[in-house]
Amino acid sequence: MARLNWGLIGGGEGSQIGPAHRLGAAVDGAFAFAAGALDHNAEAGRAFGRKLGLAADRSYGNWHEMLEGERARPDRIDLVTVATPNATHFEITKAFLEAGFHVLCEKPMTITVEEGEEIVRLSRATGRICAVNYGYTGYALVRHMRAMVARGDLGRIRLVVAEFAHGHHADAGDADNPRVRWRYDPAQAGVSAQFADCGIHALHMASFVTGQEVTRLSADTVSCIPSRVLEDDAMVNFRMDGGAVGRLWTSSVAIGRQHGLTLQVFGETGGLRWAQEQPNQLYWMPLRGRLQVIERGEAGLSPEADRASRVTMGHAEGMPLAFANIYRDLAEAILAQKEGRAANPAADLYPRAEDGLRSMAAIYAVAESGKAEGRWVDARPPMFR
Amino acid sequence: MARLNWGLIGGGEGSQIGPAHRLGAAVDGAFAFAAGALDHNAEAGRAFGRKLGLAADRSYGNWHEMLEGERARPDRIDLVTVATPNATHFEITKAFLEAGFHVLCEKPMTITVEEGEEIVRLSRATGRICAVNYGYTGYALVRHMRAMVARGDLGRIRLVVAEFAHGHHADAGDADNPRVRWRYDPAQAGVSAQFADCGIHALHMASFVTGQEVTRLSADTVSCIPSRVLEDDAMVNFRMDGGAVGRLWTSSVAIGRQHGLTLQVFGETGGLRWAQEQPNQLYWMPLRGRLQVIERGEAGLSPEADRASRVTMGHAEGMPLAFANIYRDLAEAILAQKEGRAANPAADLYPRAEDGLRSMAAIYAVAESGKAEGRWVDARPPMFR
Amino acid sequence: MARLNWGLIGGGEGSQIGPAHRLGAAVDGAFAFAAGALDHNAEAGRAFGRKLGLAADRSYGNWHEMLEGERARPDRIDLVTVATPNATHFEITKAFLEAGFHVLCEKPMTITVEEGEEIVRLSRATGRICAVNYGYTGYALVRHMRAMVARGDLGRIRLVVAEFAHGHHADAGDADNPRVRWRYDPAQAGVSAQFADCGIHALHMASFVTGQEVTRLSADTVSCIPSRVLEDDAMVNFRMDGGAVGRLWTSSVAIGRQHGLTLQVFGETGGLRWAQEQPNQLYWMPLRGRLQVIERGEAGLSPEADRASRVTMGHAEGMPLAFANIYRDLAEAILAQKEGRAANPAADLYPRAEDGLRSMAAIYAVAESGKAEGRWVDARPPMFR
Amino acid sequence: MARLNWGLIGGGEGSQIGPAHRLGAAVDGAFAFAAGALDHNAEAGRAFGRKLGLAADRSYGNWHEMLEGERARPDRIDLVTVATPNATHFEITKAFLEAGFHVLCEKPMTITVEEGEEIVRLSRATGRICAVNYGYTGYALVRHMRAMVARGDLGRIRLVVAEFAHGHHADAGDADNPRVRWRYDPAQAGVSAQFADCGIHALHMASFVTGQEVTRLSADTVSCIPSRVLEDDAMVNFRMDGGAVGRLWTSSVAIGRQHGLTLQVFGETGGLRWAQEQPNQLYWMPLRGRLQVIERGEAGLSPEADRASRVTMGHAEGMPLAFANIYRDLAEAILAQKEGRAANPAADLYPRAEDGLRSMAAIYAVAESGKAEGRWVDARPPMFR
């Protein structure tokens, strides 16, 4: 396996997202960690990069330096991950795509829909990959759900019911803690809080699994803690372009729920249920049949699920390996492009710039509908209408 | 214990609801089954009554006969249960209340809101009990949830999330089966199908547990099986008079769900979760604490829960005993009235005519909002506005 | 349905077992509560009987009076339940059988194996039913397990793994509480504590479900609270006459377990798992298949399970209705005998005197093996060797 | 962080264990994969090593070459992992320890108890680390159980109940498949099959969590598939040197169980329950309290659990990261030794040669007791008696 060079922007010492990306990129040995601009403090970033084993000349002080340094090298990085504060995603992603790099951008890809459209156009024009890190789609059984829907096991999809509920922002006494407060402040977080932070994962997953895109939605957004401007709880009803009806509940005040990302899909001939907290089991009931437990790693699953499983059945696999599956998909996509061949279809599953754009449009639609007493609004970005 | 005389209208041979009521009334020995008009076929009803041990002269051919027969007796029935087809509930309930009987009416109490208001007025004017059989409120741990909210364990209630989802009407091939089809036909079922059949239980439970009434709601109703006129899936957002926000999902096409009646309540200082399929456990998480499992029958529960528990902890109690708790409440209420004393507050929990009325108003509101793209509408009956 | 007359000995005011029997006998209306000797205090017993609605002349002061009173009546009781302290079971059961009554005896049926053999001989000689209340066998899905094994779904049974673990006697500070202490005192409890109290239910269930009898066993018995003479924890390995291997763990010091009565059965072609705390689901995995959830009340179950289900799928049924199923079986057995016909085989499932006897032999075998470092001993009563 | 050099013996192309070790070693970046002898076919091994990025001169044809090659290098490997067929573990481990390398040996460490004692002596004499890969001890919540016991949360430990049951060898039609058959053949597998393969993990975990060593045991071993010489099911009762009583069930014919590695620990003041299939939750019940759910990653856990958690609460972590924790412990131990300091106690948790030896003694004891009708035998290796 030819190894690819990988670079990381952001993810400085003490961050949570940095180790997750480094682990995800390292697991399969497809990527060598070759370059980084890890901290907004240039010196701290350079020092941390060297500590992690980067060569001194590839441990950069900021992303501009990194862009200049890498574009000039014959062994330049094959993929750059953008894990910086949200407001900078657009600018950095744009610059690296323009310079011919493949990019994996943390969500949200941009702050506005217009920026999202620009990234999509740029990615298409340059032929460079722009992936967005909806990492939960990397779970083997989420991919198996998608495969089951695609091959028709459920018949026409009638209904998608998604949840992403936790209680980690339920403490009113902690609401002024800066670590929490910024999320509910439009000046810092934009037009949406809990939906943009968590709900969007569930909405993307609804599309990922059904193969349908969201067209219209109606949202009921509330701030259960009154001092908050943005919502800490939202219910979103939606419609998809293949005819599916959707319901999505997201909350950050649901005390007792830890990380309730759950997806149920109901079709004409069967129903599926999957929950992120126990990701190695998938509940499947065929019409007129009995509830069955599909185990990650069992024999006879779809190629998509087989490829995304690494350890034998009965041994839990968790979020870090779901993440790693996104990286493995990207390695395959990059290699296929280098080698002028089609990528393995079972690996061609990473979320695209188009998904990042659609998510931005959905977030704005939720905010708009939420302010208008739940009026149904178009959830599509203008370029896809 | 003075035994009370009990009569049943409906619940003929082969019905499901008849045995449930007879069992519920019999369990504690408070009621003796003394009279019945069990079938719309007079002869079949009389024969079945005698088979069940009724005296020949109290096994009536129809409810009119029963009303005449019982009102004249010194040992007349203390309570009559109305378990006939929905369209007849109002007429029979009204007649028995007017004649001075206490009534337990199956849901829906009436077909229209106006009729509901009439029953409420009549019950108040006569001083007779008119209870409505929202039987799930009889579960010990549902009553404990109510007690925990009432005594302030959760602080102010922010959010109620309710579900009642099953998949028993998901088979399009079976949709024309008369046993199923009538439920989705406005001529037979009225303005709502799945919400009126199942969702209303969850909505009532939201009020029962929080002690708050629904004021406004917005509904998204859909027919996943296109030949249906009435909804087989609905999402209802609502607001309550104590400030709580509500979300309620109900479905009859959720293949894989058997009887998903679930209630989550989130307040300022804790969250609760209960599911009807495992009714003997209640999940409680205090703010800043850990998820705990409250067991039905454990020491130190509320008086309401203690009274509603019959067997020791670890032995499951199911729906029939929840039902029986409603009957036991009624026995206490009737005896208290006879004896001129206040009823035991831990028993004063049976659903009232007012609840039946509020439910009718909510059903009409859901139907109205569902037709109007989810417009928010007043969910209160006119007399409570 | 001809109603049968039923009498109860023991179960005085405040007892737990009395209401359970009265409820179980009453649920289906097959038995009328006609006579009782409810308390060792004659006056209290008579008063409580009258309070429960017994006629004054059938509310007896003790079981001798009741035996004399009932044997003389034309409307004498058809079945008597013996729910007195353990040491009196033999004497009372014997007297009523000899007088021609059918008996349902609480477990343990006797204190010694010899007494057990005497009851078996007496029951056979008189043709009277002597049932023993292993009430957990009344659960619909336990009966379905038995039916699945009997019809060969699992092939030859290889292995039975049973548990009955709780933590309600784990508190050393409470060990001297008389309510707890007597159970571990040989003078009051006999040769075994936790195995005789709980483990024996699981052992009986292993036989009930597999249709095989225990032949030999080896026990490791320990007193985790050192002041106890009798065991509070035991592991029993056993062999059955159809070749099955058994393992059974029982404990009263397993803090965190409420009522862990669980049975797993593994055969050549499939495995089953059932747990009393969630009795409405049965987990079934056919060889080379997938784990499936069998729901109580689902279509197509065995006649034994159908008959034992009373409410629709998705509505939990609990212990009281399991208990009621034993009574319903007895009603059918008594009526069949009266009418000179064979009983419905789907109802012919109540535990017999033979089961009570085998249980006594197993308890003595556990005690013997436990004292002999787990030496394998014969677990059969002499008369069945 | 100074990176350490790591070598691997075994784990050739297509093996399951090779990727698991490479992932485990790579995750934290503490080890660089520097040398390997990956296949018993020298050429295949060299080619695979180069494919994985090893330098040509460190991709060896066999372990002898590797030993010679590495001992001579200044940048010699700091740790070698032995993942070869069981029969070769002793020889290779011995040779590398003698040459001054630290070793992580797959289980079983040796084939005989005598060899085990030799490895322990050698490890002590050379001061080299010899770790054994009981990888399930790397789970964060298993480590938290150990910490809770050590700090006294449970008081004196009374009882340990362990299980490791699966059904993957239950198919008699597949029993002659060579992939399965060798495991039950004494010529290839030694004195024990299922206990040595799976049960020993559970037994080691009982010691790991309680801090007590097994002293005596009694085993009931059976071959549910009659053609097998070695056991496919075993029940082991044991005693520990701190007074705890143990029960351990292991099976490979438990159809419906996937990977039932479960540990329950009961002490004077509380009980714990953990299951490998849902490793991110730990059930804890304090005496006189309520069952609580401890979540991996929650605030306030022990230092051992905190260090072993990598992603935030609610995101599942699985077996690969448990494995990685063993490697991270070893990196810390090696660095501490290099730097002449004590290792971080929260990292000093990897299983030792002593554990590998004790496991061998227990396996022989199970085999001996199993042949002798469950006679209690000493389970300790001679050098620890």
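A, B, C and D are the chain letters, set down in written order, and residue numbers restart from 1 in every chain.
Just so it is clear, a residue touches a chain if its C-beta (ideal position, glycine included) is under 8 Å from a C-beta of that chain, and two chains touch if they have at least 3 such contacts.
Predicted model, so just to flag it, every value in this text is computed and none were measured.
Participant: Of the pairs A-D and A-C, which shows more C-beta pairs in contact?
Facilitator: A-D
Participant: Of all chains present, which has the mean Cα position farthest from that of chain B?
Facilitator: Using the mean of the C-alpha atoms as each chain's centre, the farthest one from chain B is D.
Participant: Give a one-word verdict, same or different, on whether chain B and chain C use largely identical residue numbers at their interface, taking over half shared as same.
Facilitator: Since more than half of the residue numbers are used by both chains, the interface counts as same.
Participant: Measuring centre to centre with CA averages, how many angstrom lie between chain A and chain B?
Facilitator: 43
Participant: Could you give the separation in Å between the centres of chain A and chain D, each centre being the mean of its C-alpha atoms?
Facilitator: 35
Participant: Per the centroid of Cα atoms for each chain, what is the distance between chain A and chain C, given in Å?
Facilitator: 55
Participant: Going by the touch rule set out above, which residues of chain C reach two or more other chains?
Facilitator: Residue numbers touching two or more other chains: 291, 295.
Participant: Show which residues of chain D lie in contact with chain B when the two form their complex.
Facilitator: Spelled out, the residues of chain D in touch with chain B are 290-295, 298.
Participant: Would you tell me which residues of chain D are touching chain A in their complex?
Facilitator: Chain D reaches chain A through residues 1, 3, 16, 19-20, 22-23, 26-27, 29, 51-53, 166, 258-259, 276-280, 295, 310-321.
Participant: Give the list of chain C residues in touch with chain D in this complex.
Facilitator: Going by the criterion above, the answer is residues 158-159, 161, 167, 170-172, 218, 220, 222, 224, 233, 235, 237, 245, 247, 249, 251, 253-257, 264, 266-268, 270-273, 283-288, 291, 373-376.
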